[in-house]
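Think of it as A, B, C, D and E in the order they're written, each chain with its own count starting at 1.
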Amino acid sequence: MNTLNSTITSEANLPEETRAQKYDDKPAETVIEEGRTVGKPLASDPKFKLRNVEVFYGEARAIKNISLDIGRNEVIAFIGPSGCGKSTFLRCLNRMNDSIDICRVKGSLQLDDQDIYDPKRDVVELRARVGMVFQKPNPFPKSIYDNVAYGPRIHGLANRKSDLDDIVESSLRKAGLWDEVKDRLDASATGMSGGQQQRLCIARAIAVSPEVVLMDEPCSALDPIATAKVEELIAELSASYTIVIVTHSMQQAARVSNRTAYFHLGHLVEVNDTTKVFTSPEHELTESYITGRFG
Amino acid sequence: MQTANLLPLVLVLAVVAYGLAYMRSRAVAEPLGGIRNLKSLPFYYAARAALWSAIPALIVLALWASFEGKVIQNVVMGSLPADLAPQSEGQASLTLSQISNVAAGKLDPALVPEGIAGAAGLLDSLRAQSSQFKAILVLLITVLGAAFAWTRVMPHINARENVERTLRGIFFFCAAVAILTTIGIVFSVIFETVRFFGKVPISEFLFGTSWSPQTALRADQVGSDGAFGVIPLFTGTLMISAIALLVAVPIGLLSAVYLSEYATRPVRAVVKPLLEMLAGVPTVVYGFFAALTVAPFIRDVAELIGLEASSQSALAAGLVMGIMIIPFVSSLSDDVINAVPRALRDGSLALGATQSETMKNVIFPAALPGIMGGILLAASRAIGETMIVVMAAGLAANLTGNPLDSVTTVTVQIVTLLTGDQEFDSAKTLAAFALGMLLFIVTLILNVFALKIVRKYREQYD
Amino acid sequence: MTDQRSQAEIVRQSLKRRYRKERRFRFYGIAAIGVALLSLVILFTDIIGKGYTGFIKTTITLDVVLDGEVMYLQDAADPEQLDMADFQAPIIRALQQYFPEAQDRRDVRELSRLAGSYASNQVRDLLKAQPELLGTTQTLEFLAHDSVSVYVKHADNPSYSIRLSEQQQRWVDQLVADGVIDTAFNDVLFSRGDSREPSNAGILGAIVGSLLTMVVTLVIAFPVGVAAAIYLEEFAPQNRITDFIEVNINNLAAVPSIIFGLLGLAVFIGLFGMPRSVPVVGGLVLALMTLPTIIISSRAAIKSVPPSIREAAEGIGASKMQVVLHHVLPLAMPGMLTGSIIGMAQALGETAPLLLIGMVAFIVEVPDGFFSSATVLPVQIYLWAGSAEQGFVELASAGIMVLLTFLISMNALAIWLRKRLERRW
Amino acid sequence: RDTVNIVGSSTVYPFATVVAERFGRNTDFPTPKLESTGSGGGLKLFCAGIGTQHPDITNASRRMKKSEFELCQSNGVKEITEVKIGSDGIVIANSKKAEKMDLTLEQIFLALAKEVPDPKGGDKLVANPYKNWSDIDAGLPNKPISVMGPPPTSGTRDAFVEIAMEGGCKKYDFIAKIKGEDKSKYKSICHSMREDGPFIEAGENDNLIVQRLAQDTDTLGIFGYSFLMENEGQIQASTVNGVEPTPDTIAAEEYPVARSLFFYVKKAHVGVVPGIQEYVQEFTTEGAWGDNGYLVDVGLIPNPRDVRMQTAKNVKELKAMTGQEL
Amino acid sequence: MNTLNSTITSEANLPEETRAQKYDDKPAETVIEEGRTVGKPLASDPKFKLRNVEVFYGEARAIKNISLDIGRNEVIAFIGPSGCGKSTFLRCLNRMNDSIDICRVKGSLQLDDQDIYDPKRDVVELRARVGMVFQKPNPFPKSIYDNVAYGPRIHGLANRKSDLDDIVESSLRKAGLWDEVKDRLDASATGMSGGQQQRLCIARAIAVSPEVVLMDEPCSALDPIATAKVEELIAELSASYTIVIVTHSMQQAARVSNRTAYFHLGHLVEVNDTTKVFTSPEHELTESYITGRFG
């Protein structure tokens, strides 16, 4: 442990010129070869099969020719410096990008061998299968019960009130929130603490029994205690769901994921087992990042 | 059955259709293992049934109601003996009115010709038949629509799509009302405008410097020329609006700044609605205030300093109008100033700027597009105002740059021309329409410009 | 370092000047608000000062002997006789009780002008309803004649002309001293339609007309405006047509209201053949006029719904329409209501377009439906302000107060509704 | 439709409303609906045709014009009954605090016309040079000319121009001569009001004029007699040609600036819309328009009795106009 | 280096229960003793002398009895999990909290031995001496030149146009932006890239020659290349300014600062030389944080 830290701090002790030099000599851009990802981007029998994905915001190319497989019941973490395209890529997986007018997606994206971007594809059904949790907790300004029940209701998942009650209870239980809120299901969700809200959002997402849960920096607005609870939850969920999590905390990635993907300026630089990425990254950009030379 | 009774009945039936379809969709879902196996929620099958039963029926009802009268009228008229047969359309409407007044018991049947009394009887029976038939037809359509929807409650059919598309259509139609209104406005002034330009050359209208409907009031009164130049009207409008804006913009802006930057929360909560009341006071009140208090005061002051002032002046009207439109500027500016991102404010304060410096140099320029919007709204209200101008600035179309003179505005002329002694077919009355058209075009151009400017600004910020 | 020091010095020196500017700026702000509020106060004192007497009526209470002889009426149940009878006579007799000296033709005439012109009708209506009262003595309260009312209320106000003869003034003074002539709260104002006599004129017809018109306006403008805003904000593709609609809506907000009157005249009355002077047409015209305001404010309200809520719902698999109806609409509703109330307030005070569609009419009967002739409050005020009779001046001001009360309660309603519907997130 | 619809002159409006209100109160018919549209506007609506959407009666503060009659004819409004209800005096008044004026038609013309005969003599017209009353006649006060009057869109203005202005104008022989040669030139001389300030167009709100006179003692106002009657406390009328405007002098046509008031009934509607005939009858009873009728209270100047009798008779028969009399 | 990474990943490989257990056993709150900060919070002849500082938002206490000295020409980094009060504390130093209605500050805060919160103290002058750079670049919607010239203008630092030109040029040079923008000083600042904007904001801050520059996560919205440039700039500025920087990246703290302060739920847990904090933290919470057990 001390070894790494000394590396970092020794770095900090370098004279300024040398530090600056390093970036200038080797501009990050030049090192990446487009479409080439080191590590293990592919999987057999994947849940998602993504090939040559490119995403444009207007003219700007935010995702540059990325190919990746995401396996069943795996927890994959996306890491990378700010603005590298993690969120953009994640949002392709359930077509949340559709609502951004200027956003165009190219390439082949398949969920269980069906094209996600097929124009005939029903987005509503897709999103029911691929749930999402956002960076900032965003509960509806309704009661706790109604928040969780909303998805099952619009998808007709419950025939009776009691069915619905069951779904709500089990979702809240899975999200580890049941004991805290079971006495005030009618209270407004906006009165909860940030961590509770985020867990509520997770409960809401899993209430429609999705196959995949996408999480975009789910803990970045939470304090350490709340973060711990959410991470705990992710670990539990990983048994039955495929989870894709974007995080800016390498430690978090290390704690929760099986595989980690490192993004850099729109490229997918490296994907590998989490242990592998953090112990012996193959690509030098990955190494620079996880050793803290930037980010 | 009366349309008034039929309408609720159709709605009730639609609700019934809703209920039935709802139950059926649940029944259909039952053997499949619950409603999750339907393509859409039962609600949507039900809503579709309600829409299908109500909408066609309502359309038929509307059509029937609009043609029923004509048809019955023709039959009744046809039944009249030859000597009573109406010669003209107006006659027809009168005869019909007479018949229906008799039928309604408001006219004594003994006092009208026998044929009319007979027709009244016919009218009664026809009306009864028609409404019976209408009721049967409409109810039939309602039931058929519901029945069709019932048969279409199938698990693989996406009723949600249907319902949402219908709703979208309705929404689109509502958005189109704005366009229809514009078309309506153009339609309601265009014919008279064209006729006006048949009498007065367009160039004279646009570039003439004298406006005097007095001299051309009636063909037999005076046939003088050059009386329809809009330039004095537009300069008058411009001058009064400019004075009003000179009052309202500084007062409104400064109030807004104070309210949003300095005032405490409770002060703001009280003062803002108070200021908004200024816009709610009827303009007649302002008119009296301007004419009886402000205008004489201005004249006295002007005479005191040796200026010649009319007892009606653009200044008086403009000042009072300015007070009236203060809230447009203050409330809207207050909103946009509050909407300026905190980051900009912090950025300036962190450099050691005082609040007023921050306001003047950073927030104000950033809020400018929104403030412009408020000012534009205030300006349009000023352009459209009539009562204050009539009372305080008069009706004399002087081409002058002196705010102490009496002037008049475009809208005032439109109102006086249309509500005063009208002269069909005379250029005078038609001029009102031409003025309306011109004003419409001018505001349209202003708005296109405003949109362009705002767009341009918006690109620059953020 | 020295640089920093000297700079700091410069800053410190500039401060005095800058703080002076700051104070001046603040002062301007306060002054601006002061000017605006002062105008408001002046306007309101003016209105209230002129108008509070409009809420006072002058009554004259007499013991009337319903003598058949005097009235040439033998049988009060006979409509024919009722038509021919003279109901003024018993009132004059009652007054002569106080002034027995007034017997000649001129005096009688002057005496009869103390009670308002509805007095004889009141007697007739009483007998028509209860023929058995013929021959009895009844204590009846009449409205005083307008000139009496002006005299009683404004005798010492030089801007009113007293239209009573010396003798009448003496009589009135005595009757006031006797308590026969008295003032009371003007309930007539709130229970009757218009009249040519100020003391008989009421504002109820205009209030009902305004309500009916506003109902039509609200029922049309609110749903259409909200639906249009939803379409433009949520569904419309961003293209030239949307731009065109946007410019159009902004422009309609700037079109002088009188032009909407022309539209109503040409389209609703001319093309669709609807009747003149009715609340439906007035409401339609005002609805078109307020529509742009509602659309613009509703769009702003929709825009302010945080995208996170939208995303949350979409992320669960709600369709666009569900997102809008379940989440966006409820959250935007307070803002939409505010805009609508502002629009409605404007419509409530509008006169010009109604001039053209015939809602400026003398209508005595209180309207009983959307298709019966009616006027509205601002028109009634406008009509009264233009009438020759002195009593109408105070009525017009009283009417303005009623209108303002309407406005204030509408705003209060808006604030209350907004508070109730507002949700924090 | 079962309610009588009446449109037309704002001058007749106060009288007609009083009658309508009484009529509604004393009969079982609903109170007629009255719209004040101005004489011309009323005639336009009236002549637009027959049928329930068109008015039954229109009031006018001037006689129907030939062209209007023809429009009526062409739109199928064939039979029209004209009812002359009385007169209205147009007064020129100022504040009681100021000196009472004695004017002649000639002085009024000289004070208010756009062009006047050259004061230096000769049959020549010059732009109105008079600033003060005393410039016109040394007997008049040395005060600036300042007169408020109705706008050209008002019937009162029409009448004032036709009676007072033209009356003063044609006193000049050389102008009277023009009448024979070029009628429209004559009219343009006599009917044009000056636009250089002394004459102020004050809108249609006569109350406003009255209130401003009370404040502004140098100014005169032009309006109908009823406004004078209601405000005798503050304002006084100038005499014209030495005659004071009173009901008697106006009725006797001694006061020169008076005009007749009318209404027109659409015969085709009688018997169709209930109440028309009864309303007209109410209007033409002695109790209403007679010398002691209630209309006098609101400022109507009654017709002489013989005229009233004749008119009432015509009304009973609903005698139609021929168009010749216009 | 590998040592730490293996520590992290071995952590990730723990069975879920154990991981969850760890937080529950030792709730973060209980470990902290209020007002006690380990390490070296004090300095001789400090620029800022802050004693027993408490900050309240309404009723909520966001800063809990913190005492700290900040030396002259030192670069001090504030780190800690989200919501721990870093920004709040930073904003006390130039009274930027004044503009938040519900915010109240207690305790003694001194700049060069003068009380910052003295009611008679002139905030304008204070802020001229203590400049600030924010998380999101917030250039004014004006030209580049006007942005930099804004401060000098309002303070009347330049008598002539040429003086102003000099100040603008030297500030832009110091911010390392001169070469990139010298040809387009009249272009709008909002048209620049994020990194350029942030450096412009720094140039704007130093144009009034402050003694202290406060930076609140100045790089969190920037990509790695832009971040590198800003860090380089901080290193250069540290020669003549006192710099207080809030960052969520431990690596960044390690790279740029001399001293590091670790905040936790409103407490200042530990302050020490950066090398010391990262190599051998004294407090176990600090250790947990920098080894990635949360955050």
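One rule holds in what follows: a contact is a pair of C-beta atoms (placed from the backbone, for glycine too) under 8 Å apart; a residue touches a chain by one contact, two chains touch by 3 or more.
Everything quoted here is computed from the prediction, not taken from an experiment.
Farthest from chain E in terms of Cα centroid separation is D.
By number of C-beta pairs in contact, chains B-C lead all other pairings.
Centrality by Cα centroid goes to chain B. Centre-to-centre spacing of chain A and chain D amounts to 85 Å, using the average Cα coordinate of each chain. Averaging C-alpha coordinates per chain places the centre of chain B 20 Å away from that of chain C. Distance between chain C and chain E, defined via averaged C-alpha coordinates, is recorded as 60 Å.
Contacts with at least two other chains are made by residues 11, 18-19, 319, 385 of chain C. Under the contact definition stated at the top, the residues of chain B that touch 2 or more other chains are 288, 352, 354, 357, 419. The residues of chain A that reach two or more other chains are 154-155, listed in rising order. The chain pairs satisfying the stated touch condition come to A-B, A-C, A-E, B-C, B-D, B-E, C-D, C-E. Contact residues on chain A toward chain B in their complex (touch as defined above): 153-159. Residues 94, 96, 99, 101, 124-129, 131-132, 134, 136, 138-142, 150-151, 154-155, 188, 190, 201, 204-205, 208 of chain E touch chain B in their complex.
Every residue of chain B that touches chain C in the complex is listed here, in rising order: 160, 164, 167-168, 170-172, 174-175, 177-179, 181-182, 184-185, 187-189, 250-255, 257-259, 261-262, 271, 273-286, 288-289, 293, 323, 326, 330, 352, 354-357, 359-360, 376-377, 380, 383-384, 386-387, 411, 414-415, 418-419, 433, 436, 439-440, 443-444, 446-448, 450-451. Of all residues in chain C, those touching chain B in their complex are 11, 18-19, 21-22, 25-26, 28-33, 35-37, 39-40, 42-43, 46-47, 223-225, 227-228, 230-232, 235-236, 243-263, 265-267, 270, 288, 291-292, 295, 319-321, 345-346, 349, 351-352, 355-356, 378, 381-382, 385, 396, 400, 403-404, 407-408, 411, 415. Remark: chain B residues 26, 29, 34-36, 38, 40-42 touch chain A in the complex.
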